[in-house]
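Across the two complexes that follow, subunit A remains constant while its partner is subunit B and subsequently subunit C.
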Partner chain A sequence: MNLSTREENGIVIFELDGEVDLETSPKLRQALLQQVNAGKSVCVGMQDVAYIDSSGIASLVEAYQTARRNSSGFGLACISDSAIRVLQLARLDKVFTIYDTIETAVSDLST
Partner chain B sequence: MTKPSPQELLSRKKVIDVEDLVTHYGERMILKGISMDVREGEIMVIMGGSGSGKSTLLRHLMSLETATSGKMSLLGRDITELTLKETYSLRKKIGVAFQGGALFSSMTVGENIKLPLREHTDLDEFTMDIMARMKLEVVDLAGFEDLTPSELSGGMLKRAAVARAIVMDPKLLFFDEPSAGLDPVVAAQLDELILRLRDAMGMSIVVVTHELDSAFRIADRITMLDRGKILMVGTPEEMKASDNSRIQNLLNRRIEEEDLDPDAYLRRLTGEDQSNERA
Partner chain C sequence: MSIPTLASIALWGLSQDFNRTETSLFYLRSNTYIALHKVLLFVCIYFGHSTQMKQTTRESMTLGIDDQISLLATMTAEFANTLNVDETLLRTLPQITDYLKAEGAAVFLMDEATQVISCVACHGATEITGLTLEYGQGIVGKCVATNTGALVRDVNDHPDFYGAIDDQTGFVTRSILCAPLSVKDRCVGAIELVNKRNPDDLFEDNDLKILETLAASAALAVLNARMATALVEQERVKRELELAAEIQRRFLPEAGTGDTLTAPITGINKAARGVSGDFFDYFTLPDGRIYFGLGDVSGKGINAALLMSKTASLFRCLGKTVRDPGKLLGRINAELCETAAHGMFVTMACGIYDPREGCEGLIRLANAGHEPVLLYRDGAFSTYEAGGPPLGIVPPLPGENGAYEEVQIFPNGGSLYIYTDGLTEGYTETGAPLEDTGVQEILERHKDLSLQDQLKHLVAAVFHPGMKLRDDVTVLALTDGLRPADKTASPALSPSLRVDDESDGDWLIDFKFPAQPSWMKLARACVREACLKVGCDKTMTNDVVLAVDEACQNVIRHAYGGPSDEEIELSVRHRPARLIFRLRDFAPLVEPSKIKPRDLEDIRPGGLGTHLIKEVMDEVQYLRPTQGEGNLLKLVKHIHISKD
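And then the complex of A and B:
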C-alpha cells in the first residue's frame, strides 16, 4: 500500500494505492489517527485501492469514530468497486459519508 | 452477482489443484486417485454418499492430513514442498468453518472470533474488536459477542463459526456440512451468506455437504465422489442432466442395489481386496 497525504482548504487528504491488508493497515491506522486526534478533518481517496480487508476497514471505522468525537469531518471518496463491496457486506456504506470525488469531499468537509 | 459460465470459470487461476491423490487409513485405501481443481472465486461443492471419501478429501484440501501419494497445491503453493513457516503463513489465508462450530465453550463468542487474529497478527486490540463485530454483523449476529457458545442456537453457532472463519478475510474458505442439523429456512440463510461472501470478498469456497438443495443453490461446480473416486465434476445443470445411473441414484436418494459379484464378495469377506489395494 502506498499512502500519500496533502492538505487542501484545511482538509487532510489521504490517497491510498494498492492493497490494504493485515500487513499494511496498522500504518494507515496510525496515520489517520494522528490527523483526527489533532482535530483535522480528513478525506480518504480510495480510487486506486485494489483490495482492502477488514483490518483496513476497521482502521477507517476507528478514525471516523474519533473524528466524530472531535467534531471534525471524515469522508471517503471515489471508492473502488472491490472496496465498496466489502463496505456493503458489513453495511458500512450506510455509515460512512461517501463522496464521488475528492473535490466534492473537500468542498463539503471544509464548510 | 450471477454464476460464471463454465468457460469463464475455467479461464480463472486455480486456487486448489489436486493430481492423483491417494490416501489410506491404515491399510484401507480411502481416496483412489483424485484429481480436481477449484478456481478463483468459485464455489465448489463436494458431494457423495456416506463413505465416499468426501470428508477425507476435505481434510486433505485443508492440509490437515498427508496423502500417501499425489500432488496438491493450495493458492499456488505445492504443499508438499512447504516449510513449517510457509505452511503457517499459508494457513493465514485459509478459513475453516467446522461442522459443529468448534468454538471454545469457555470463551465468549467475541473472543472466539478474535482468536485467529490474536494467533496470527499484532493488530491493535480495538482494531480486532471492530473486525470481530463487523464479522458478527455480516453473519447477522450483531450484539452477541458477549454470549458464550452454549447460549446460542444451532444456527447461530454455525454463523458464529463462519464469523471466526472469515475474520482474517481468507482467500480460501472451507465449509464442512454447513447445513447439517439446520431447519430449511436457516439452511437457506446460510447458503445466502456463502454466496454473499464469495460475491463481496471474492473468496474461493469449498463446501462439503450431503444437502442437495443447498448444493444446487450455491455451487458453481459439484465434485461427486463415490467410493473414493470422482464420479463426475460439473455444474449443477450438467449433474442433473447426467445419464450416469450412480449419479442419478445419489441425486434422487435411491439406494443402489449392487450387482453381486460372488468372487468379488468373497474377496471382500476374506480381506483379499485390501491386500490387492495395498499392493
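And then the complex of A and C:
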C-alpha cells in the first residue's frame, strides 16, 4: 500500500494505491485520524486500490465517524472496482459519500 | 564353686558353644552372654596360670586368679554394655595399666577402609592420642597385621620397634606388651602396654594372656559399637526413605478426596519398596477439561523415585500450558533427554478428557513407550499402543518439537484404563503373571462397580498381604459414564461441530504459515491462483480471496488473540462445481456454545469480517480437527465457470 497526501482548497487529499490489508491498514488508519482529528476535511482517492479488506474498510469507517463528530467533511473518490465490491459486500456503499473524481470531491467538500 | 567344677562347666561350654560363641554371641548383649563369657575368660586364665603353678602355692594362685577374674569380669561387663567405646577404653585403661603394673597403655584402632591405625585412647606414659601408624608399622602395626600378640622385653633388640615416637615425645620405651583387638580373624586394632613400673620387672607370658583376653572383650565392644553406628545410620536412612515416600505420596492425587463413586477419574499406586518409580496424576484445566497421565520409570528404588518426581513435576507444570498430550510428551522427553541419568527412561501415557457438554467426552491420548492403554466401551475392549519411544531416550531433532502421535477416542460412556507392567507382570495367587487378559477378565467381571472398586480388584489380584510386590503397581482409570448424557439430549454433536472428513476433493493447495499479518499477502496470492486455476471469474476470485483473508484475520485476532508465531494451515480442495477451503489453527478449542452466527448488521471490525465471509461463501462450518488441538473452519464456495 502506498499513501500520498496533498492539500487543495483546505481539503486533505489522500491517494491510496496497492493492497490495504491487516498489515498495512494501521498506517492508513493513523494517517486518516490525524487529519480528521485536526478538523480537516478529507478526501480519499481509491482509484488504484487493488485490494482492501475489512480492516481497511474499518479504518475508513472510523475516520468517517470521527469527521462527522467534528463536523468536517469526509468523502471517497473514484473507487476501484475491487474496492467498491468490498464496500457493497459490507453494505457500506450507501454509507460513505462517494465521488466520481477527486476534483468533484474537493469542490463539494470545500463548500 | 571350686575351680575344677568351674573348669568343667567351662569346658562343657566350650565344647557346646565354641563354634558359634564368637560369631553369634557378640550380637547379643544379654546377661547370659556376659556370664558365659566370664566362664570362658576364667578358663583362659586358669590354663594361662598352669605354667606358673609349679612356682606358686595353691592359695596365692587362687587369690591372684580371683583378682584377675574380678578385673576381667568388670572389664568384660564394661565393654559388653558400652556403645561409646572410646570413653569406655579411657575409663578402663588405667585399671588395666595398674593391674599389669605398667607405666602406660594405649589403644589403637584401624580404619578398615584406609588401614590406617590410630591411637584413640591412652593412659600414663606420654600423650599419643591421634598418633597414626601404617598397617604393619612398628610393634603395634605388626600385631594388627598378623593378628598376634607381642611380648617385647627389650625394644632395642626388636626389629619391629618404631623409635620415632620416642624421639618425638622424649619418652623412653623399654618394653612393650601388645595384644590384637580381634574377633576371630577380624582384627580391628590393638592394646599396647609400655614398660613395667618397676624397671627391674619384666612383662610375663601371663600378662600377655590377660591382655589378650581383655583385648578380645574390647574388640567385641568395638565391633558392637560399629554395628550400632551402622544400625543408627540404617535407621536414619530408613526414616528418610519413609519421609521421601510420604512426600511422594503427596505428589499423587489424594485417593478418597471427593466422592470416589462419582469422580470420573481415579488411580491407585502401590510401591514395591518404600518409594515408587511409578506415578499417576490428573488435574482439571480452567476450561473444565481433565488432564491425566501415568508414568513408569525404569528400575526401582530411590533413583527411580527421584526421576519419577521430576517427570511428575514436569507433567503437572508443563501440562498447565501445553494442552496437547502429544506435544506435552515431546516437551517432557526433551527435558528428560537433557538431564536424565543415562540408561534411565520413563514410559508414560497421558491425555485430555473433555467432559463438557457437546464435546462427546473426547479423549486425546498420547503414549510414549507405555503399556497399551485399554478402553472398555459397549462391552468390548480396545487397546491403544505406544505411538513413540519411552521418554528420555531419543532427543528431538534440532528445530523440531518432537511431539508424540496423538489419538482421539470417543469413549461413548465407556472407561479408559492405564496401568504399569507391575500389574500385568505381577503374580496372581496361582503364581502366574496376571497379563492383559487377566486385567480384562477382572474389569469385565466388576464392570458395574465404581472405578475405585474396579481398581482395588485389579491391585488385589497381584498384591497379597504379607508378600512383597514384584514391582510397583499403578493403575489409573477414567470413565465417561458419569457425564450428563448430552448425546441423547442433543443428538451426537451440534451440526456445526462435526469432525471433518478430510478426504474430499482434488488437492489444490496446502499452505502453512505463521499467524502474522505480513503473511496474508502470500496467503491471498495462493487462494487467488487456486481460484483462477479452476476457472473462477475475476469478481468471484476477488470475493473468495477476501473471504479467506477475513477468516485468517479472525484466527489471528480471535483464536490466537493477536499476531502469533503459531501456525495457520490452509488447504484448498476442488470438487465439481465447488471449492473447499479449510483453515486450521492450533489455538485452544473454541467452546461450541461460543460459535454462533454473528449479527449480519453488526459492522464491528471482527463482525465485519465474519459478515464478509458469510456474504461470499456458500457454506461456513466450524469443525474439530481430526488430530490434535485447535479449530477448523471449513468454507465452501459454489463456483460457476467463466466462459472466457
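Methods note: the second predicted complex is superposed on the first by the 111 of 111 C-alpha atoms of A that agree within 3 Å, B and C clash if a C-alpha of one lies under 4 Å from a C-alpha of the other, contacts with A are read in each partner's own complex, and residues count from 1 in each chain.
Simple rule for what comes next: contacts are C-beta pairs under 8 Å (C-beta built on N, C-alpha and C of every residue); 3 or more make two chains touch, one makes a residue touch a chain.
Quick caveat: nothing in here was measured; it's all calculated off a predicted structure.
Partners subunit B and subunit C clash in the overlay (superposition on subunit A). Shared-chain residue A:I57: touches subunit B and subunit C both. Within the superposed three-chain model, A:L22 lies in touch with subunit B and with subunit C [touch as defined at top]. Shared-chain residue A:V86: touches subunit B and subunit C both.
Of the two partner chains placed around the shared chain by superposition, neither subunit B nor subunit C is touched by A:K94. Among the options 92-100, 254-262 or 524-532, the segment of subunit C that ends up inside subunit B in the superposed model is 524-532. Overlap of the subunit B and subunit C interfaces on subunit A: residues 21-22, 53-55, 57-58, 61, 82, 85-86, 89-90, 92. On subunit A, the positions that touch subunit B within their shared complex are 21-22, 25-26, 29, 53-55, 57-59, 61-62, 82, 85-86, 88-92.
Listed in rising order, the residues of subunit B touching subunit A in the complex are 92, 120-124, 126-128, 130-131, 134-135, 137-138, 167-169, 196-197, 199-202.
Those residues of subunit A whose C-beta lies close enough to touch subunit C in the complex are 19, 21-23, 51, 53-55, 57-58, 61, 82, 85-86, 89-90, 92.
Against subunit A, in their complex, subunit C makes its touches with residues 517-518, 520-521, 524, 539, 542-543, 545-546, 549-550, 553, 556, 603, 605, 608-609, 611-612, 615-616.
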